[in-house]
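In the two complexes that follow, chain A is the common piece, with chain B as its partner first and chain C second.
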Partner chain A sequence: MTTMTGKLSAAPEHLTRRPNVLRQMWTSRADYLYVLPAIVVMLVVIAYPIYYTIDLSFFKTPPGLQLRDKIFVGVDNYGAILSSEVFWKVTLNTVIWTIASTMIAFVLGFGAALALHRDFAGRAILRAILIIPWVISAVAASYIWKWIYHSDFGVLGAVLVQFGFLDRQPNFIDNVNSVLPSLIVVNIWREFPFAMIMLMAGLQTVPDQLLRAAKVDGASAWQRFWHVTFPHLRGVSTVTILLLAVANFNSFIIPWIMTGGGPSNASHIWITHIYELAFGRQRWGVAAAYSVLLFIILMVLGYFYVRALSGNESKEHGA
Partner chain B sequence: MSNYPLGRALARGACVSALAVSMMSTSVFGQSVDLSKWSPEYVRSIAGTETYNTAEQCGAVTPLDYKGKLTFWYQGVFEGDPDLLRQYYKDFFAAFRETYPNIDLQEQALTYNDLLDKFRTALLGNAGPMVVRLQILGGVEFASKGYLQELKPEDVGWKTEDFWPGAMKSVMWEGKAYGIPTNNETMAFIWNADIFEKAGLDPETPPATWDEVVEYSKKIHDELGIAGYGLVARKNAGNTPYRFMPQLWAYGGGVFDEADANPNYGEIRLDSPESIRALQASYDMYVRDQSVPVSALTNQQADNQPLFLAGQVAMMISHPSDYNVMLDLQAKATGADKETAQTVIDNMRYGLIPTGPDGKRAVVFGGSNIHILNPEYVEGGEVDEAAAKAMVCFWTSPEWSLKMAYAGSNPGNLNGFKTEWMKQRLDSIKFLDVTTSMLPYGIPFPTLPETPEIMNIIIPDMLQNALTGAMTVEEAAADAAQKVRDVTDGGGL
Partner chain C sequence: MTVTADTVTPRSRKRIDGWRWAGRIFLLIMVLYTALPMAWMLLTSIKSGFAATQFPPQWWPAEPTLASYQKLLDPQNSVGQDFLRFFWNSLFVSVVTTILAVAVAVPAAYAFSRFRFPGRKFLFFSVLLRNMFPAVIFLVPLFILMRWLGLVNTHGSLILTYLTFGLPLAIWLLKGFYDNIPIQLEQAARIDGATRFQAFLLIVTPLSVPGIIATAIYSFIGAWNEYIYAATFLTKNEQLTLPVGIQRFFSENTTDFPGLMAASFLMSVPVVVLFLVLQKYFVRALTEGAVKH
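Here is the complex of A and B:
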């Protein structure tokens, strides 16, 4: 009886919590109304495609059949992907592409931000010049770089030969070993201004009095950077790295236009391979399964991004 | 080698064999022109012998005062085409609007490499156009899926006999026609006589066999330090199969048995000794002799054209229109470049595509076809049949199928060869007779839904795997054969 009473006495507490949530929602109904259009749009353009992609990933779509006649194959597409040699090659390419592009762009951007944070003659002009790669169209940049790298008549190769660094035109993008690093250089060239801008904004938030105080206390330039500047940039650095990583995972234009994933799949990354599977080969089911895997990885990165943002906010509030 | 499921292969074989026989034969009865007499002289003899009134003929299909609406996508001109062709495209749409002033035409041009991707995507959303003009290898894929309406020349006032039998084969699926050929093309072998002479070769004699192409390419590279042959091996680009398949067939190889008199696509031959020999020839030029552009793996033919004009490539396979392209490019050049370009143009020669070791000569029977879609896949769910037929009739007429192929191709409607414009064309387009002479050697791509993937992805992949050293020649051929096996069985990644 006592036990029963105990259970009964616990029940009202649980039940009273639910109406409270509903009541709160009702009380804030105007707020929900304001965000309703955004939620509807998100459901239509984000939630439904995600659902459809997941659904499609369980079907086979042979070239001779319409999509509506697709054949249910369970998790076979996932099995085919994971057991495919190409998948692991493309995955390795994607990891190298993402990590190298992200980290080097970040480091270069950081260096440029620190340099441009100081006051010197021509700083504004230099800043404008360094931003050019980021504002230029990725498609145009890809075509320009394709000709810069051209294996027979590329400007870069010609300059290297002219100055005696090489005795013949180097092969940048028609070689399985050099194509990915060559494309990563283009990607870094395009992305480092973004890191630079983010970190320049971050540097504005470093309190000047702290730096002056550290100087008065005899801290060296490196100590001032490491103990004062860098801790203040940790939040913006995390966000910048995560944004770059997500952008690089999804980066399509540069590898697709410059090499189409070739030669011999050496510059295929996930997103270009997914595109080729879907639109070039009509393997919609396999491409959907691939996309689901990519989605999961990006969601994990997204989680860390949100956590980093929340961490920054709570630190700011705490301060 | 592996086989298709037997029943499927037999069914396909039965459907295509009768048409294939007619394609491979030069003696076809009932044609508007006598294909058994086909030669440059015969083409000249019939040019200008007939007059046609397009408006009158198409007016009998769709009244000229018909009021309607039409959406139309087509494979249009791109950076590699001459300016002359751009003008004809403008003239065509102006003439159509003038002839059918009450048809609200919304046309959209797409490049060769983009059209299939965009069209496939649109169809998935039931947002296709009413009429589409596709590259020759695309039609069967869409017909097999039920996207296209049955459509034969008689539906728009022409006769089936007015079109190349090989071209008609490319619009057939399970014994029914789903489109009409607009133009047909066979490429030719182009060389720079000046470079030949400097390299110690006979300037007026092109290589007779593919083995000689390899030999000449090496000699030119060794003597002059420039690329001999303009190899193209980029993936996802139609240029690659159009240039490699003639080589593959000449050596006696093939993807299937498409080069045989009675193909049934039942046998995969990409890993046959003959196919391996053809691939070896490309390997020898790219890897062993390094006598072709290093950039071949990322190049399309449009990238080779300026190299040829700059005197940096001595031989290539292309259309007669490349001569006009060179003239266009030369007009834009300045200073010393202009002189160099002029020298190249003066020394530009066209010849038949080389043969294989056994004397077999082959070329891709290319071109485009025009199709009408089933209403459920069209944006808005309706097809204006009369307007659609007006467009199909107009483009496939003797006049416009010739004019729209003026510099680069040949009219789909054989009666185009009899028009006054053909006569003008023979006088103004240099080397046209060489490419028309290649038509009887034309081999159509396999009429299978899987063909676009095989030609645009698997064949270039095979070349790239061999040329980059990622695989040996034998491994690359075996890998490609396995991929074809997988794709025809509905599997693979």
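Here is the complex of A and C:
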């Protein structure tokens, strides 16, 4: 009981701040016990890998050698990456993949959330159907779509041929030009439900009185959306877009299972490329250097992520 | 915005209908986009291998057959044995991960929501940041770590790893839940002589059951669908989980499309059913946790 800090009443933070951090840490030592399990797991599984990756990125690991026989090469790995053509190709793919997937998934999810907001018969069923792609495994989704895109028996090509849009089965994913858009379609298929759920949740927080008041004042449907609904959704939208962007930037399964990055790197994104360098070609040092570059990019994204989330935090505690 | 009421009222009525129709058409397109691939998976899975590879395709199976499902679910047959074992492995790993994730996330989220200890914000965001790093970065070091812990080729390696990437969102969701439980309830319990831990366990925890269910679904689905760690940490065939097992199996039998679709379907059933039954908790947790700030 003596370790009770009486903070249950949520003392204003600025009063409890500076003076004597150590003493305060001691008096609230019981609090740490609650967080300890989470922190320990995180430290073991996050801090160590990050340290290891940074360390490894300065070494060369010739194939056939054991990892412990690595050779120190300084920043050569970084130089090799930045001067390689594949790097720029893969970076461009990653940018296209991330931005296109995120924006389209967000817009489709937003539209679906708005369309489902009003109650009508069968709404629950429609909502359930729309969410299913997000729940099923990406491996299953990849196989389903690989089969749909199949160059001989794919149903999508067959439909296009039957309706006379094309005269023969197209090659969706064995073609340098169409592979990336085709994979983005699959990715959006899996991801727009997430945006939809988030925004449906957000829409419930838009106060009904405001909308009714606007209606009484003669605002049109569009005006009500633009001036009442949309501003309320700004916070949710930021968080959703950031979460989607991070997830897309980190995606692996869909390109890996469907194409393995091919043909001729046309569908390689950063993560699949790193995986192939490490596990396919055993170039662990280069792969580690790639990972460090990835950290840096993610930290920049992470800055915005934390800012968006802590914006919400401070509002919540300020209110 | 200064539109006079009389010019707008009649027109706005029509417009609403226009928007509503646009919404309906949009929904119809989205439902087709979502459902047709899944329907095609089901239709293919009840065809024979011959029927699946015809051009133009049989839109509706001429001779529907459950042969693929029988093969996958038959414990006598080697394919069925493998499939059922993968299924069991996935189930085991996912259930244990879920139980541990809830056990770790509940106290952490409670502490982040209620206590004001130094470093609280820093710890909270470092937990969230974990979400940002892709699995590939952690593969090699974690593999080495697992070897050091003697966990390579055990399900323990997967459970430990899944815990860490399921935790951040779990903690975040639950924290939002606790934020919305009035603190006065605990204060009342404290005045009546309960310790802080008793107040947490007996007053707050029962109220947060919906949040805990949401967290559990999230962990379960994440673990059930995970591919990359399972593909790296496990090499023995009898330990593989479903996503990896199916991939290995069908990279050897590349033309058995009905079998592949049947396996994809069976792999999706548990998570889809679980989600559909419990989805209201999940949506509610997102509303309370992620959105209402």
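Please note the rule applied: the second predicted complex is superposed on the first by the 294 of 319 C-alpha atoms of A that agree within 3 Å, B and C clash if a C-alpha of one lies under 4 Å from a C-alpha of the other, contacts with A are read in each partner's own complex, and residues count from 1 in each chain.
Everything below uses one rule, namely that a residue touches a chain if its C-beta (ideal position, glycine included) is under 8 Å from a C-beta of that chain, and two chains touch if they have at least 3 such contacts.
A quick note: this is a predicted structure, and the numbers were derived from the prediction, not measured.
Participant: After lining up the shared chain so the two structures overlap, which partner does A:152 touch, if you call chain B first and chain C second: first, second, both or neither?
Facilitator: A:152 contacts both chain B and chain C.
Participant: Once the structures are superposed on A, label A:54 by its partner contacts, choosing first (chain B), second (chain C), both or neither.
Facilitator: A:54 contacts neither chain B nor chain C.
Participant: So, A:96: does it touch chain B (first), chain C (second), both, or neither?
Facilitator: neither
Participant: Using the touch definition from the top, say if A:198 reaches chain B (first), chain C (second), both or neither.
Facilitator: The answer is second: A:198 touches chain C but not chain B.
Participant: Who touches more of chain A, chain B or chain C?
Facilitator: In the superposed model, C touches more residues of chain A.
Participant: Thinking of the overlay built on chain A, is A:175 touched by chain B (first), by chain C (second), by both, or by neither?
Facilitator: first
Participant: Applying the touch criterion given at the start, work out whether A:297 contacts chain B, chain C, both or neither, answering first, second, both or neither.
Facilitator: neither
Participant: Is A:211 in contact with chain B, with chain C, with both, or with neither (first, second, both, neither)?
Facilitator: In the superposition, A:211 contacts neither chain B nor chain C.
Participant: With the touch criterion stated at the top, can you tell me which chain A residues are shared between the chain B interface and the chain C interface?
Facilitator: 67, 150, 152-153, 169, 279
Participant: Considering only the defined contacts, which chain B positions touch chain A in the complex?
Facilitator: Residues 117, 120-121, 124, 141, 144-147, 227, 233-237, 293-298, 307, 312, 449-450, 452-453, 456-457, 460-461, 464-465, 467-471, 487, 490-491, 493 of chain B touch chain A in their complex.
Participant: Per the contact definition, I'd like the list of chain A residues that touch chain B in the complex.
Facilitator: Where chain A meets chain B, its residues are 60, 62-67, 80-81, 84, 86-87, 146, 150-153, 169, 171, 173-176, 258-266, 276-277, 279-283, 286.
Participant: Once bound in the complex, which stretches of chain A touch chain C?
Facilitator: My answer: residues 1, 4-5, 7-11, 13, 16, 21, 24-25, 28, 30-35, 37-39, 41-42, 44-46, 48-50, 52-53, 56, 67, 108, 111-112, 114-116, 118, 126, 128-133, 135-140, 143-145, 147-148, 150, 152-153, 155, 158, 161-162, 169, 189, 192-193, 197-198, 200-202, 204-205, 217-223, 227, 235-236, 239, 243, 246, 249-250, 252-253, 257, 271, 274-275, 278-279, 284, 287-288, 291, 294-295, 298, 301-302, 305-306, 309-310, 312-313, 315-316.
Participant: Mind pulling up the chain C residues that touch chain A in the complex?
Facilitator: Result: residues 1, 3-5, 8-9, 11-12, 15-16, 19-20, 23-24, 26-27, 30-31, 33-35, 37-38, 40-41, 44, 52-57, 103-105, 107-108, 110-112, 114-119, 121, 123, 125-142, 144-145, 160-161, 163-164, 167, 171, 179, 183, 186-187, 190, 195-196, 221, 224-225, 227-228, 232, 242-243, 246-247, 250, 257, 260-261, 264-265, 267-268, 271-272, 275-276, 279, 282-283, 286-287, 290-293 of chain C touch chain A.
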